[in-house]
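After the structure tokens below, expect a handful of questions from me.
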């Protein structure tokens, strides 16, 4: 069993930490708001006083935070992870940041004699709890092989993708489809609804069909029953769409359905829905169709 | 076991007929080009000399043809199905036509004392052969209950949707997502590819993720290996997108991702790819990205 | 001076007729609703009892009606224009119909020994009254040369485009830009407005700039002050967008900005604005931006 | 006559400087590459050794550079304009940068006791040479009134828009329409071309119509005859589209036609056309239509 560190104990990070503890690993954790770490502490996690302290204690240290700014906060500075890394340590970032930002961190980690992997996940809190999360990994392949058994304790599908930054690239390539698929689904759904099919029937039939991806199965029922706890809101989805659009320009890949469906997120923000699960974009399309729901 | 008729023995229709024969039903069939019916005849199907003859012989008669024009050809006229329908017969159309056209036929069938159901399917030849096809059914509910056992011999998921025309409406609502999902997938795929991930790896990772709908799992591998036999080509996909757009205007439902991804089909036609599986639209997006594949 | 006929005395047709009368021509006219012809009758127009009667009386007969259905109504049948055409007569249609429909009529006219030209106009009632209307002409060039002096009495810019149907093709190619330009203008306008610029100022600055086409100068002030009389409503604009989209599919020309901006017209219809000047689409974009105007 | 300074003597800046000299003003100028300033020096401009030197010498100092990065370079640092500004001076930036960046500079200028205006222009080199340039001005209104006579020496239309940053906001709101209008125009043009109208005829007819904005009149002839000297290339146009999209997200204004037509610029870059006049996007649309031009 390994001596691990985990920085960022939010909805996903906290649950990943518990899986690692359940698998028998030692985990030292840190979260900006300590109170949110109580579940992990109760499950046996040790507390680290700072990201740096966690990195100094652990052989393999993970981060899983909301965005690039949050990552810089825990990575840099006198109390940051980088300051605690040294020869032979492995640092794994599970956040969704830009590939360029990830490569930049990896270079700084390498200067310390340590190794970095980017390892974002595809899936939700539910997928994770069901033990079905899939992980993508970017970085040095030998380093990947060393930590692979630990990653398999998080989820059963672990795909080595290529060099540093390429796993977050894959993550972005996947996530843009969450929004495109959701918008396309709503277009079909509202055609059916305005054509007289009850929304529950239309939803069920569509989720029984060949277009029903796991992400649609998970999220389209929110149209009928929006959950109280929000794990991935309009702003977060738009952050990922922007990363996609930036990459599109950087790599010269036109993204027509991304471009259009991102505008629907902007319209949702204009309706004051920025902090709701991004499934709330159904309201934009419903309104444009004259449907009151 | 029932006394059935089947008009339109193409890639899908022929296979449905075989499933019905395998289930023990008597089937009298007709196809414009008789030679294509040989497989069914070998499997025990009886030959009907015309759609009318099939309808006169059978208690329940099915049609499954390419488009509205083809449907009119087998339905109307002195040798058409309508001429052979009478009191107590049931007519089931499995084609994808407009809901309005379907309702119009249903009214004509009712005048003869017979009943019509629209029952398009969601799924491919493969889904059908694996016994996983899902059927949607529109029309009178009592009529549906009478034929439900027969429909379950075709596929295990049979959803009653509502009145006449609403099953084809659902079919169109679903099918537009085939194209939107495929285009979105290619956008992500080519981001990954131009960012340095090998196309095989990117495809595998994406198909391991939460966006992998059955239709994407079936069709995106065509990007690497286009099958010789084509079951659903660019023109057919565009026909369904047009039906969606027509409904969008009729019912006042804006369809932004449909509108944009339909243009990609037009571009594929301009590249001379109209008769290839619609997965070939990847070439449009690849070309726009400066990728030679 | 020529002996002319004019069928369709609406907002545009009536004004064209008056210009022809002012220029000294004899005009026999017909309109489905005779009361709407009073202005023309007061200006010296003779009344024809039917489209056929007009065509029998005149050497050159014009039509200017709303859509393909209206054109068929005045063109075909025992009282239609075609029945009144004969050797040496010239028939000029100024309506916006599909090129294929126009070519079809031209062939029927030719069988009678007469000639048809399609001659739609670019411009509004205002442009016409200011004497600035531009006409496009499709058909036989010799026929065009014969009527050119008459067409110049309607507007100062008369462009011969090519064979039958190509002038209406040009008209559609132009008209799609009315909607695309209007939507793009609103996007810029609402950026400015939400950034704090008063809408009147933003509008004025934009209309002082290089993007101010005559059509934008005419119609964008409607955003502040919608006129009571409507000459070109949402349904009419969408009819032209559909003609464009049909041609796009027929000729394999992808139309991305047409496709997207047509959806905005659909959203306007869903908001109950179908019968208002198409400038009303500003309300769709304003609403999506959370602007109450 | 005023004592002016001008930093950034490119295609536009150099010509503005000459107009100011022609109007009788004293102008001290600076350009990173001095050789490019020769025309201005020949016309009587004095040379400043640095942006700071220009600002120290002049009462009113202008900048007109390519982007935000170039502006920071001449504005900040020991030799920058800011270092040379002091009580009572006026600084006018004619570049297109983000409103936020402009407001930020204005605040720094105010701390020095000077005043800043943002004054981007709408128009091209040609418009400028014809004396038809329009200017938008943002900032303190009293300051605007003081320099208005000087601005009128540059172009005849000077619009006061509002506070700092609002003139660049208007500029962006206008510029996004350059691209949207151009793409819409090409869609219509290629419909006509594939329908059999010669491209020269189609272009002429469209430029004779109500959609012909000054920017379309200037730039669409490039489709037939691309000029050698490039003043506004694909990258520059895309920079302005990105500023628009950023503002759209910041202010919550969905921009559907901007989003889609920006993708066409990306496709142009993928075709290796980044440094050509942005009119070159016609090649993307032509290619998607199967037109070889």
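Here are a few things to note about the model shown:
A, B, C and D are the chain letters, set down in written order, and residue numbers restart from 1 in every chain.
As a convention for this text, a contact is a pair of C-beta atoms (placed from the backbone, for glycine too) under 8 Å apart; a residue touches a chain by one contact, two chains touch by 3 or more.
None of these values were measured; they are calculated from a predicted model.
Averaging C-alpha coordinates per chain and comparing to chain D, the farthest chain turns out to be B. Per-chain Cα centroids separate chain A from chain C by 53 Å.
Chain A and chain B, compared by their mean Cα positions, are separated by 36 Å. Computed centre separation for the pair chain B/chain C is 40 angstrom, with centres defined by C-alpha atoms.
Counting partner chains per residue, chain B has residues 248, 252-256, 260, 263-264, 267, 270, 288-290 touching two or more of them.
Taken chain by chain, the contacts link every pair, so each chain touches all the others.
Residues of chain D touching chain B in their complex: 256, 260, 267, 270-272, 284, 287-290. Residues 99, 122-124, 127, 134, 136, 157, 159, 161-163, 165-166, 169-170, 172-174, 176-178, 180-181, 183-185, 187-192, 194-198, 201-202, 204-206, 208-216, 218, 244, 247-248, 251-258, 260-261, 263-264, 285, 288-290 of chain C touch chain D in their complex.
Across the complex, chain D is touched by residues 238, 242, 245, 248-249, 252-256, 259-260, 262-264, 266-267, 269-270 of chain A.
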